[in-house]
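Next, two complexes with subunit A in common: one pairs it with subunit B, the other with subunit C.
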Partner chain A sequence: MGLVERDKVRELMGEVMKAQGRTLPSDDAADLREIGFRSLDFSELALRVEDELGDELNFDAPGLRRITTVGDVLDFIEQLQTA
Partner chain B sequence: MSDSTVVPPASVVLVSGGSRGLGLAIVTDLLASGLKVAAFARTVTPELTALGEKYPEHLHYGSVDINDPKAGQDFVKEVEAKLGPIDGLVNNAAVGQDSLHVHTSADQVAAIIQTNLTSPLVLTRFVLRRMLAKGLKGRIVNVTSICAQRGYPGLVAYSATKGGMDSATRSLARELGGRVLANSVAPGFFASEMSAVLGQTQLDQIVRRTPTGHLTEPDEVVPVVRMLLLDNTNINGQVLVVDGAASI
Partner chain C sequence: MTTKRRTTALIGDDNTVVVAGKRLTWRTLHKLPQLPSPAAVLVDNGADALAAVRHHAVHGTELLVATASRVDDRLREELGESGFAIVLPDGEVTPAKLKRVEESGRAWLLTSGSTGRPKRIGHTLESLTTVTGDQPARTWLLPYSPGTYAWWQIVTLSLTQADQGVVVIEPHELETWPAIAAEHGVTAASGTPTFWRQAIYRDSDALAAVPLEQITLGGEPVDQAILDQLREVFPKARISWIYASSEVGASIVVHDGKAGFPKAWLDREPQPDRPALSVDGDELVIRSPHHGAGLVGAVHTGDRVEFDGDRVLITGRLDTDEINVGGSKVSAGVVRNVLMGHPGVAWARVFARKAPLVGRMVAAEVVPNPALGPITDADLVQWCSSRLPDYGVPRRIRFLDEIPQKETLKSDV
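Right after this comes the complex of A and B.
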C-alpha cells in the first residue's frame, strides 16, 4: 500500500472544509471544535484518503475520541496508513 | 389453567458467554438458586473455575467458541450426560463493536453478525431439537440490548444483531406453541464491559437522562433472567428492558 503524504492529507482536509464553506487554518494546533470539523467530517476525510490509496482504512472509534486538533487528524491518518 | 399449558421452571440451564460480566453473574445466581448450570465461553476465567470447584455436581463448564457449532453441540451432549437434559438456554455470548459503520470492514461486520446472531440461532436450534425430541418443555432467554430499540453511534452491526435476536424471540414464541417460553432481556448500558464503546461523554449523558440516575448493573439484570427461567408468569415472546427508563 502506498502512502498519502501529510501535505496531501492536509489538502484533502481543506477540501472537506471548503465544501462546507469553511477554511482550514494553517496552524496544526487549531482546535477542531473551534473550526467546526466534526467526526463525520473526519469520516469524509478518511474516505477521501482511501480513494487516493485505493485501499480501506478501517478503525475503531476510541482513537477518534482523542483527536482534538488539526495536527491530531493528520497524525491519526498517518498512523492508520502505517499500521 | 391446565398442566398442559404450564412450562415448568428450568432445571438444567445452558449459559453461553458465562465466564465474565453478566454471563458470569447469571451463572452464579442460578447455581445459588439450586439449578444445574452449564456455561461455556471462548476463555474460561478463574472466576468460572472457582464456581466449578464450589459446585462440582451442579456446574459443567468449558472452553467453547460459539462460532464452532460442532464444539457447541459436543458441549451440549456433555452437559446432558453430566447434568441431565437441558431445559433452559440463556443466549448471552456476544461481541461488542466500537467503530462507525463506514469504517468497519466488511469482514468485521460479518464476524459480529456471526457471533451475535447466526451462532446463537444455530445453538438455539440444536438445543431446541434435543429438548423437543425428548418431549421436554423449556425456556429460552436471549440477552439483547437497548441498542436494538434505540440508536447509538458506533454500534450499527451490533444493534442489528440484537434487533435480530429480539425478532427471533417473538417468532420462537409463536413457533414453539407454548412448549417453550422465549423472551429477551435487553439491558441498558453497563458501566463496564461493552459500554466502554460509548466513551465517557456519552455515558454521562445517558446517566443524566436516566430517571433512576445510574447505569445498569449486572446484578439488576440477573433477577429478570432468573424470573424468566423459573417463575410461572406466562411472559412469552417479550423483550424486557432493564435500563432505569433511560430509553423511554
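Right after this comes the complex of A and C.
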C-alpha cells in the first residue's frame, strides 16, 4: 500500500475545511475545537485519504486516542497508514 | 379435467402499434408460432413481447414475458420446475420440467428484483388494466422494459381501450426517443424520473418538439425539481405521477404537479374501488383493489414516507433509504431532493459510505448540468448545509459525466 504524505494529508484537511467555508491555519498546534474541526470533518478527511490511497484505512489497529490539535490529526493519519 | 380458457375482448385491436419505425396495429402485428402454456417468453425486443401478449389475450394462455437478460440460468431452471416452458428469443423452446394444468388467463410479472432475487407476482389482463372508462385518444410512448409492471400498464391500456396507440422504444433507441416520438405524433409518455431527467439533460429542444399532452412519472421517488422542469418544457401538458408496483398495482395517482400526495388521503373511509393508504411508523401501507394474486389485505410496501406540511412524500426504500450517521438518521431520498433542487445538478445519487468515527457518512454522485456552468463540491456542500442538518450533508461528492441507467430505466437510487 502506498502512503499519503503528511503534506498531502494537510492539503486534504484544508479542502475539508474549505468545503465548510473555513480555512485551516498553518500552525500544527491549532486547537481543533477552536478551528471548528469536528468528528464529521475528521471522518470526511479519512475518506479523502482513503480515496487518495485507493484502500481503506484500518481504524481497528492503533486504537483511538486523544486528538486535540491539527498536528494530532496528521500524526494519527500517518500512524493509521503504517499500522 | 378441462379448463375453460379465459380470453379478453380486444377493444384496442386496431390501435396503432409502431415497432422499428413500422406502423402496424395489434391485429397486424407479426404472429408468434403457437406458444406452449404455461410459457415464459424471453424476448430481446419489444415487438416480440407485444406479439406474446396478444397471443395470450386471444388464446387465454398462461404467460410470463420478460427480457432474456433479466432471467438468468437459475431463474430459468426454477421456472421450468414450476411448470413453464421456456421460449427463447430465437424461438427455441425448452419444455417444462413439471407438467401441470395451466392457470387460464394468468399473466405473471417479475418484480424488479433490485433487492434479492426477482419474485413472481400473478395477475390477469383485468387486474393489470387500471385505466378504464372513456379516455381521450392518445398515442403512448412505450419505453419500458417488456414484462415490468409499468410496461404492462401501457400495453393493457392500448390493447383493451379504444384509440390508444403505442410507439415502442427499443433499448438502443432510448437516447434518441424524442425524435422517434415526434415523428409518430406521441401525445402521452410514461417514464421514470431518471428517464425524464436524461431526456431534458440530453436535448431539451428535441424533447419540447414532442407534442405531449400527458406526462406520467413513476417507478422511482418523484421529486419536485423534475416536475417543475417538465412543467417548464411542457406548460400545457397534464403532468401526473403514479405510485405503482407489481404487488399493489397502481395505487396513488397525483395530477396537481406537486411531489408527494395530500395527507388527507391517508386513512380515508374504505371504498371498494379505491386503494386504502396508511402509514405504519414511516412505512407506506396499501390495501389495494389492483393487488396481485394472493396479496389481499394490507401490504407493507417497504417504501419510506416523510411528512412535509400537508403532503406525504415517498422518499425511497426503507432498507436502503435510511443512513445512520453516528446515531443520527437521515433519508438518502431527502438529501437527494436537496441536491436535485440545485440548479446546476442534472442528476444525483445519494448513498451511505462506511466511515470511521461515525460509522456511515452521506456520499453522493452527481451529474452537473453543463448548460449552467461548472459547479464544485464546495458549492454543493454549501447548498446542502443551509438546507440539511450537518450529518445529512454529503461529504464525498463524485462528479460523473453522464447519468447511469439500468434496463428498468431507473437509475440506481
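The rule we apply is simple: the second predicted complex is superposed on the first by the 76 of 83 C-alpha atoms of A that agree within 3 Å, B and C clash if a C-alpha of one lies under 4 Å from a C-alpha of the other, contacts with A are read in each partner's own complex, and residues count from 1 in each chain.
Keep in mind that, in the parts below, a residue touches a chain if its C-beta (ideal position, glycine included) is under 8 Å from a C-beta of that chain, and two chains touch if they have at least 3 such contacts.
Just so it is clear, the model here is predicted, and its values are computed rather than measured.
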item: Touched partner set for A:Ala46, first subunit B, second subunit C, both or neither; value: both
item: A:Leu57 touches, of subunit B and subunit C: first, second, both or neither?; value: both
item: Residues on subunit A lying within both footprints (that of subunit B and that of subunit C); value: 39, 43, 46-47, 56-57, 59
item: Subunit A-facing residues of subunit B, complex; value: 98-100, 102-105, 108, 153-154, 197, 199
item: In the complex, subunit C residues that touch subunit A; value: 325-326, 353-358, 361, 363, 377-378, 381-382, 385, 390-391, 395-396
item: Residues of subunit A defined as touching subunit C within the complex; value: 18-21, 39-40, 42-44, 46-48, 51, 56-57, 59
item: Subunit B partner contacts - residues on subunit A that touch it in the complex; value: 39, 43, 46-47, 56-62, 64-65
